[in-house]
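Both complexes below contain subunit A, partnered by subunit B and then by subunit C.
So, the complex of A and B:
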């Protein structure tokens, strides 16, 4: 049975326990958490205690017995706490300290009061075995929850140590063991061997576990980022489709809107041409006709520019936007529809500017959706008026759209903005929900309410002002 | 062309020109787009018509009810369908209540329902913007021709009415019976008067209403509600 010199073995174990936690600490430089610190700290304590045990014969008894006993127990306790923190079920520190104090008192009263070395060794072995089995249980749970083989290795190797200590406990109880752990014997040999194994496997296992975790975290973060990106892209696509749909629905009235300048251009050109053939006009008069043609061409170009600007598939960009300008430009798109439905739209003055940071196309989409709903709401009424007010209140830019429609029923108020909820026979029910998500993306909100005096609905777009 | 309040005013060269234009035709243009309004007016004036422009149907309705001195001549309305407040179709139906002025409607979008209701309302033509000059001129000429026709008809009817009014009770009765196909002896027997008297009254009545023969008499009796 002289396979291993126990004293040397304990010294080697001590050195390993000092070295390996330090190595683990250095390796895990990127992901040092409280749990890692506790685990490595516990390892160092074990290392210190093992060296003290190994050099038991040349140091005072209170150090080699009392202090090392406490060091072993405390190291187990803080390693348990490290794993419990990982699992999210930590013990209150107060209890940990009280438990150690209680065990310290029992241990020392057995040793110094009863002078019963066997009982002391039995007590110590029992406590350590209990703590180790708890540690094994926790490590196994982590291994199962996170499907980590490293954690299961930790559990196995500490299970081995715990079994070795239990074996020692039974030897002591049977009377075949020695109270001094350094005494060459079967139980001490097994213990030393298992500790040696635990020092190596335990630490590498822990490093593996931590690396596993960080890799999983990174994977998860990447997946989340990809999902966010996908959501954003889809959102942009939906918003773009909604704009296309709006314009599609407006196309008839936009066609009429375009026809006006074209009519003026054609008529002016014909007058000029006819006049030119018979020499009816002088140069000044002809110049006037040409000026009118130029002016109306610009008018038509302006309308087309609006349409193109609105339909352009845009990757959302952030820039300083004057809300008043956005409102007036959008109003141009619905001008003809409003005229057909005989709705008066009162716009904010273009001279004032209310600035926000955002995507001009997406913001105009909100206004267009709200305006078109408002036009539809007021059309059956006797008084058909829509008023848009844009103002800045403290750090918020607020656009309010008042209409003289019938207002919103409580059911509508509750459901407005729910995707696919619509009151229109051939509506998709996405306009308002898209508008609301655009508002939220801009750090704002789009809310619906009824006027206090029951004179219609009020839609409010609230954005952070610049 | 402004409504003139003075009873007398000196005739100027522009009045003469306007009178000539009005004799050719007066076109009332109504469109809420001022650019189109001025362009159409320029085109029509170039072709020698007189133009009145209004930027809304209501502003025209305000003026149309005033009795204002106008140079004689045919007249028509060229009106946009889509306008705020009162649109072209509504204007047409309101005008129909008191005026038989021919209406030309124009629209930016060639909506079939719009066109159908325009024709139902009695529009002379329905033009789609942008309107080609030739098409516009043809439509305006047609509308003005209808206006002339209606004007002539009105005139004839009013002269006819004064002529009929100049008949005595007996002459009207006998002319009526003659137009209805009764022979002179039958009329004499029915009224209990001499055949000669019937012939005399009939002769006078035909002279007064300007009928040369029995066919004329029947036509006038139909038209003038003898």
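So, the complex of A and C:
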């Protein structure tokens, strides 16, 4: 450094500070934020100011002293603001402006009022050193919080600049320094060298920090996505297991349900065969028996199809679903259970359609869980009735399931849907909780209430209508 | 007095088909979808049950047998069998059901000597069970 002319050094520093922030800005095209803009803008200001300082001999004094003083201070202030924004603790902008105005007034009063160059240079060095140490502190905090080596490099190199300025301040106070920074001397040379280092390390460090951050953001986003995916898959698995459990519990009554058409088929076939042997039936009558056999075979097939459709491991898919149809199909699965418990189920008319967007199997699951609970609730009662009403109210599709059971106790009302909360000795307490998650995933809700007149419980499924 | 066999099942189709089978075997039948419907037309007469049918000119039949489904909407099949057995101990009764043994327990115990056939069954087996049952 000994051979390097300070004026040239400042011009080089100025050029570097114009060039490197521009390069940083271009490199960070993908992650340009307000903070990046402030950091790079601050760099450009330093560049401009350093060139003006380097050209001090050929430009007016108000530019080389007053303006450059402001430019240095403003550049520090906005770089500090850039880091403070990163840390989430920005200064209010009007404070920043007021601070610069105050420093501008003091600086120029000393220069133009007191004509005291030493005091002006001391004030300027003190202010800049203070701002730089603040910047160092912020960069170090970011380095520590984000475990970023780049930020620590920035802190170190600006620490060096701040120390060099402090050294200059002490030289000035001791009387061994020059008020003009361009005068050859230890303090000026140290300052020039540290600024040179800061221009390079500061900007590369900043680019490194920004890239680190974007990589971490991407990693985090990927991890979050993976977690969401995993949650969704788990949710589907749980829903599937719940359907298997429901069908397991229904297996006896489904077996019975299948038995009816099979019995009808076997009986009709045997009667037809016997009648044919003794010549009792004419062709029309035999045709009728065959029709009954066909009809009952279809009925059995239909039941098997319902079971298979319900148990099919489904990846959730969204399609237009007619809630009325879903309700009627699910009711077929519990028909036998209801008959056995002597429960009357009043279904909505299939002729009207209430459309929603969703997964038909998952929506069936909600209805099945609620219906089975309702059957259980009304079984001990004298009046055993379940009524399902499905309607569209404005932009919502609403299914209400009324039962004539004892209604829900306040404790049940508060806890219904809490996972593992159950009133059944063999229950898992997941059915209603799963049903509620499905409703929420469909943009709706599953809620429980008691009828005003105390005639039983009302379960409401509320979904966005299509 | 001519004999008659009652068929009680809540599935109309099965009731009709069973009735048809019994008619093919030369038996008169009375078909019912509930226990209550059968009990309404029965009269007790010295250990026998008679059925009064309004078939144009009223005719009295003697109830000889009953095929009863276990699950019925009101009074269940076992209860009906028990009542019939009490009213007419010589009546041939056979229960039919889609339930398995262990599932039948909740409906009560079968009256002694009365068989329960599991659906679907061969009609020959039903006929054998019905007429081999006591007396």
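Heads up, the rule we're going with is that the second predicted complex is superposed on the first by the 463 of 466 C-alpha atoms of A that agree within 3 Å, B and C clash if a C-alpha of one lies under 4 Å from a C-alpha of the other, contacts with A are read in each partner's own complex, and residues count from 1 in each chain.
Quick note on the criterion: contacts are C-beta pairs under 8 Å (C-beta built on N, C-alpha and C of every residue); 3 or more make two chains touch, one makes a residue touch a chain.
Note that this is a predicted model, so its numbers are computed, not measured.
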Using the superposition on subunit A, tell me whether subunit B and subunit C clash or fit. clash
In this superposition, which partner touches a larger number of subunit A residues, subunit B or subunit C? B
Looking at the overlay, what does A:233 touch: subunit B (first), subunit C (second), both, or neither? neither
Now for A:252: first (subunit B), second (subunit C), both, or neither, which partner does it touch? both
If you stack the two complexes on chain A, which partner ends up touching A:317: first (subunit B), second (subunit C), both, or neither? neither
Does the superposition put A:280 against subunit B (first), subunit C (second), both, or neither? both
Thinking of the overlay built on chain A, is A:260 touched by subunit B (first), by subunit C (second), by both, or by neither? both
Just subunit B (first), just subunit C (second), both, or neither: which does A:225 touch? neither
Looking at A:339, would you say it contacts subunit B, subunit C, both, or neither? Reply first, second, both or neither. both
Note: overlapping subunit A surface for subunit B and subunit C spans 252, 255-256, 259-260, 262-268, 270-271, 274-275, 280, 292, 296, 339-340, 342
Considering only the defined contacts, which subunit A positions touch subunit C in the complex? 252, 255-256, 259-260, 262-268, 270-271, 274-275, 278, 280, 292, 296, 339-340, 342
Would you tell me which residues of subunit A are touching subunit B in their complex? 252-253, 255-257, 259-268, 270-271, 274-275, 280, 289, 292, 295-296, 299, 336, 339-340, 342, 344
Of all residues in subunit B, those that touch subunit A in their complex: 32-33, 35-36, 38-40, 42-43, 46-47, 82-85, 87, 107-109, 129-133
Spell out the residues on subunit C that touch subunit A in their complex, using ranges where they run on. 10-11, 13-14, 17-18, 20-21, 24, 71, 73, 98-100, 103, 119-123
